[in-house]
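I have placed the structure first, in the form of structure tokens, so that the comments after it can refer back to it.
For reference, chains read A, B, C, D, E and F in written order, and residue numbers begin at 1 within each chain.
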Amino acid sequence: MLAEHTRFFAYPYQIDQAEMAIFGVPFDCTTSNKPGTRFAPARMRLESINLETYSPDQNLDLADLKVADLGDLICPFGNARKVLDLVYQQTEYILEQNKMPIMIGGEHLLTLGAVEVMNEKYSDLQLVQLDAHTDLRDEYLGEKLSHATVIKHCYNLLGADRIHAYGIRSGMREEFEFAEQNLNFNPFDLKGMSKLKDKLQNKPVYVTLDLDVLDPAFFPGTGTPEPGGVTFKELLSELFTLQDLNIVGFDLVELCPEVDPSGISTAAACKVLREMLLIAGKSKNII
Amino acid sequence: MLAEHTRFFAYPYQIDQAEMAIFGVPFDCTTSNKPGTRFAPARMRLESINLETYSPDQNLDLADLKVADLGDLICPFGNARKVLDLVYQQTEYILEQNKMPIMIGGEHLLTLGAVEVMNEKYSDLQLVQLDAHTDLRDEYLGEKLSHATVIKHCYNLLGADRIHAYGIRSGMREEFEFAEQNLNFNPFDLKGMSKLKDKLQNKPVYVTLDLDVLDPAFFPGTGTPEPGGVTFKELLSELFTLQDLNIVGFDLVELCPEVDPSGISTAAACKVLREMLLIAGKSKNII
Amino acid sequence: MLAEHTRFFAYPYQIDQAEMAIFGVPFDCTTSNKPGTRFAPARMRLESINLETYSPDQNLDLADLKVADLGDLICPFGNARKVLDLVYQQTEYILEQNKMPIMIGGEHLLTLGAVEVMNEKYSDLQLVQLDAHTDLRDEYLGEKLSHATVIKHCYNLLGADRIHAYGIRSGMREEFEFAEQNLNFNPFDLKGMSKLKDKLQNKPVYVTLDLDVLDPAFFPGTGTPEPGGVTFKELLSELFTLQDLNIVGFDLVELCPEVDPSGISTAAACKVLREMLLIAGKSKNII
Amino acid sequence: MLAEHTRFFAYPYQIDQAEMAIFGVPFDCTTSNKPGTRFAPARMRLESINLETYSPDQNLDLADLKVADLGDLICPFGNARKVLDLVYQQTEYILEQNKMPIMIGGEHLLTLGAVEVMNEKYSDLQLVQLDAHTDLRDEYLGEKLSHATVIKHCYNLLGADRIHAYGIRSGMREEFEFAEQNLNFNPFDLKGMSKLKDKLQNKPVYVTLDLDVLDPAFFPGTGTPEPGGVTFKELLSELFTLQDLNIVGFDLVELCPEVDPSGISTAAACKVLREMLLIAGKSKNII
Amino acid sequence: MLAEHTRFFAYPYQIDQAEMAIFGVPFDCTTSNKPGTRFAPARMRLESINLETYSPDQNLDLADLKVADLGDLICPFGNARKVLDLVYQQTEYILEQNKMPIMIGGEHLLTLGAVEVMNEKYSDLQLVQLDAHTDLRDEYLGEKLSHATVIKHCYNLLGADRIHAYGIRSGMREEFEFAEQNLNFNPFDLKGMSKLKDKLQNKPVYVTLDLDVLDPAFFPGTGTPEPGGVTFKELLSELFTLQDLNIVGFDLVELCPEVDPSGISTAAACKVLREMLLIAGKSKNII
Amino acid sequence: MLAEHTRFFAYPYQIDQAEMAIFGVPFDCTTSNKPGTRFAPARMRLESINLETYSPDQNLDLADLKVADLGDLICPFGNARKVLDLVYQQTEYILEQNKMPIMIGGEHLLTLGAVEVMNEKYSDLQLVQLDAHTDLRDEYLGEKLSHATVIKHCYNLLGADRIHAYGIRSGMREEFEFAEQNLNFNPFDLKGMSKLKDKLQNKPVYVTLDLDVLDPAFFPGTGTPEPGGVTFKELLSELFTLQDLNIVGFDLVELCPEVDPSGISTAAACKVLREMLLIAGKSKNII
């Protein structure tokens, strides 16, 4: 008789019953432009209940996948390193249970906490980045831990040629030059993603999906809108090519519901989450 | 000296002077997600005054068409069947005057009232549905009369192969399977619409245009935004192919101005209405 | 490590561990003006976590009270009577557990379901209504079950002199005349509430608090704003006089978060809920 | 069967059947801060339908008064003088029909057009101004015709001691000095209004009610919010004292619905209009 | 240590140190639909600080260009001709300093002031118009100086065949006919722009970019949204072909931040400004 | 000819020409509820231009006071201590110039940086706090530097009986107990402020004005709205009693323009700033 709207997609599972585990991180303190991504996990949970579990595009259904929702981390506001440690611990805990970790941001810096632990577990971890921004600065406004530096930190961990970046259309000239030299760098669109299968084969892949890779027309709800992005259909179409990779985890970051008065960005984020769950399930042959 | 903004496009005609008759139905009580489509008819009237009457795309002008605005039905909130009866009566009245009925919703369930009477008048009525959602459930949250069941009700009236559905990208797996088997079902886009001419020839066609067939980027103002839809240009382009059919009535539903802070959805709805009026006029050779 | 924002005030109790039980009813289908009170329970839960548990005004703390959150009812949209039956059953269930029922609307019609069962349990039930509107119509737009008729239905159940109305400032002339003759009617403000203690002594009291009794300056988030209401301080001050009554249940209705862009109405509703819980606890001598 | 929401309070009367005549003026081109009062007449019409016709405060009902809604003037944007001429002509027309003219702005400058013609008809016209701002500049940004100069223009027409100003709390030092010397000037609140009866006796009174006299808490929907104003209850209470004057016309100006997301300002404006119509009716002994 | 967010892109230059000079014109008084473009210059300045100076598309950097921000004109509200004179004087002043003038509107009428002076300086001035609307009326609501007449005024100055219009999709039938006969008229999209190089060779070109040429999905923040426009990518791609023309000045008009709650339109306008500055710099071989 | 809207109240002075110096601090990273106070300084600058410089309440004019606007600090997001150091340095710099420092937040934590340096300069510094919240926690979510701990830090610096708190209506039970014992604590309203003159005599006073001391009706634009506060008139009235104290500096904090859609909170903040500047000027006998 009671509604269950407190878990993603109303999934009833505990972690030991599930194949994947989602957690939210309501943190946005290094955001330099419009803050508010901290509200994304709670808003997405509510909206996810309204979404059909069936994907007509993939002809797959979330009902055939077991996902646990672990709730949100409690974040000490103003202390980025402590929050990264919490992300690290939560991801580590999920991996120890042999489940696939899925993180819902919050800001993009959070990806660092997840990549740190994934990199320890998987010796040849590959990072696939979909994004509007390079995020390759060494520091931003004097701070090393910032959404604008997160991929540089990942690079420092992973080394050359293990980051595969798509859709990027904004950054400093120096960042673009660095990216061209040190990343598998595919700016402006997602067209090269279908080549990843041949390139990566069965290597473990962590996908970090900064939703601002979408054009602001399709995803206005983000703190630093960057016109000139991909359409929703283009995003989905290229994401489907990830089915053939060996996905070991992923995150969705940078939804800012505060600047999404129509709710179309939250709707898009939920649909991307549904499709990514199914893609990851297909990648693992569990659906 | 006085402004006349109380009728669609400031049309001055009474029903006996007109070729078509518009009425609004401010009703949205079975809406399960964000309500507010009840405000669409009044908001569209106000905005329609700002729109040019000339369509550059069709090189036709509303000034050459006579349309009466019959105002809005007074709806008893909370009683869906009674509202459908009002829609039935109003549509019947317009048909009795030998005018083409045009309904502005309100939610999609309202289409049922119009189809009920159209089906009685036209023995071989064809229903062309543009939509994001299947709307083919048998019941929704225990209710048979719901926006989520409207096309199933139409199917029960019309029988197999008389519903032609386009653009649908969301529904339950069972609905998609039913649609594949029992409708002329063309999901995801509108590309098949140009084939309708050969298929339907001169059969009477009622068009129900759920505006959420548009991608939320182009039409954020709807209660259940469904990313991955068609662009405005794609919609117009395919609608123009309806000129060659025998249109006997149409409706526009599911504009929710409450979640359209920029007003672009209301603007889109008004432009679609202008184009559809001209298309219907062309279909009838009265323009 | 995980955040708990899925229950009111993060209360961890099951119903058998608690003294009171809250449930939400996301239903607003007979709302004739701006809909959206359906979103109140979920929004209030999220916001309630941000509120201190301590009331400086009463020098009491929610930490000293045990309340269970039973979640929200699943409502069939468009069927008012069925929803009232669900409210009836849920309230009955709570009473059977010997807990105090507390309902969060949704629209004001819902109060009827609770009063029906309370009236069966308590032979001399008294209804205290705080409201901007009389809600005493016999029918509204042809419907008997409507937010505009709810108190008339309660009157039909309870009979004369058992409804004590405060703060009302809007209605038809006939409704005001009826209220003067048949209710303990105290329009415009809340000043007479302090006399209830002498009047009602230990009789069982159900409080229905339509939050639009507040002036729209203090509570803009409601579908039918009615200027000229009481201030927040006036409301609190008079509510405290209810400590001396025998409260057996209460509801808060008509918060519409959709028209509360600053969130001040949700904040006010949560604070009123905190104070009412403490008042009811004091009334029962359990705090 | 059809809704009639295209006239204020759904009044059905033509001017010859009525005792008063309302017209709207959607013009705001000299507004220097946030524009948008042009949308007030249309928005108020829609909202006025939702308001009860009965005033509990005055125990009077609009149903006992006959008011014609003449619609809105068509305004040439960017030409203030031409618009004032239109206001002049419309007001003159209403007076020729022996009806009381009532204008809904639009910006405050519009009052000048009405006062010009009222002053010609009534040799001893008195102007009662409720306002937050002095509006006594000689020019504003180089323009003589501006919302910031309107009362100075009226002063130039009427001469000393025929303007009675209340509630003003903002202006230049020079304006306040001028007002103290040349007007019946009662800044900060409305307390002195009850003395008008003795002072003006039966002289003809035109009331210009700039709604920003209300505190922004009670009336956020205005282009230049000025904190420190009166409450809604204070406004109503003092307006009722106007019943004893000889009111010959009035206007309500400066509602800006664009900055009123909750709709509480439009609701307040409609309620003030209802009360003012009843006050004017009482003043004329026709109710 | 202090932030400098009071000039476009934080450019520190005085006019004598710069190659180009920007000024804003916060004026929108002839706007007939939703006003508010007056707020565009201030809003764009603030947002421009958040934008990277580097253009990955052009591989050029604003850091290599010297632009002076002259601030905003002080506009007498309600007097269109006086404002055009101010625009004329400011543009003339910039030309006298041998700098390229760049104007940020405000409404489209302002272009007339700039074209008047440009036409005096350059005997064979060519006007490139990107727009959704023809703007070719002789008068609008009785006024000759209006956003809806601006290109007709330019035509009267420049004569036939010196106006090159792109992207237009709305207007009266008469305007379309006039445009076909008297302009280089390329409605609906921007595809013909690449031919301008051959056509215009080294003739001096003034570009007026009405941002509503973009589809409202990509640019919702405008007073008269016109669905069916170009995408942001299409706009950028065609703008780049202007590098080969002899640009002598340009303006961006019709951003209305008031109806851009997500900020994506301001972001788009700032990015277009960055790209246009670089295009103009390239055109002049100074970058 | 050019507008000057880049400094508070368009003040043209450099610091050496002025008697007071304002600076903004766009920082809100420890905000646990709705962020966005970072946008307050820039928004207030823009709005301050629209405010009259004359205060009718005090009969004083900003034109008679010389204030320098030093712009905003550039804040490293995510590093609270570093920002406090910047506040410290800027305040110290102003004091070294013998000017009165005035800070515009940003969040309340920033006050600590100013109090640190004021406390070093003035041996008997008194802190007057107007606030809705106690802000007396030892840590918040594990962090010592937080908006919720700022007054506790100040207490640790100043010791007992040098903090005078007014208007507080929210906090933990322990905080209220601590406040009763260690502060001059006057919760719920501002009535005790007039006694400060006798109590403090000529001791140096720093005023920290958390604008959420106002009721959310009058000041909705704040991240943690706390119903039950003072009215704007009550605030002004009590602030005027500060004229008789020895004010050595003050700050205004916690305006969050992102949740102030009508702009009434920014207007209130600007008016409070005007009045506080005049109060401080009066306190120093320089006006």
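Assume a contact is a pair of C-beta atoms (placed from the backbone, for glycine too) under 8 Å apart; a residue touches a chain by one contact, two chains touch by 3 or more.
In this text the structure is predicted, and so the values were computed from the model without any measurement.
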Chains in simultaneous contact with chain B and chain C: A, D
Contact distance in steps, from chain C to chain F: 1
Fraction-based call for chain E against chain B, same above half, different below: different
Cα superposition angle of chain A on its copy chain D, in degrees to the nearest 5: 180
Between D-F and A-C, the pair joined by more C-beta contacts: D-F
Equivalent interface to C-D, taken from B-C, A-C or C-F so that over half of the residue contact pairs match: C-F
Distance between the centres, which are taken as Cα means, of chain E and chain D, whole angstrom: 40
Separation of chain C from chain E, taking each centre as the mean of its C-alpha atoms, in whole Å: 56
Residues within chain B bordering two or more other chains: 32, 34, 74, 215, 217-218, 261
Chains that touch, pairwise: A-B, A-C, A-E, A-F, B-C, B-D, B-E, C-D, C-F, D-E, D-F, E-F
Chain F - residues contacting chain A, complex: 28-32, 34-36, 38, 74-80, 82, 140-143, 145-146, 258
Chain F to chain C touching residues, read off their complex: 32-34, 168-173, 176, 187-188, 215-218, 220-221, 224-228, 259-261
Of all residues in chain C, those that touch chain A in their complex: 1-6, 23, 26, 42, 46, 70-74, 86, 89-90
Of chain A, residues touching chain B in the complex: 50, 52-54, 56-57, 61, 215, 217-218, 231-233, 236, 261-264, 267-268, 271
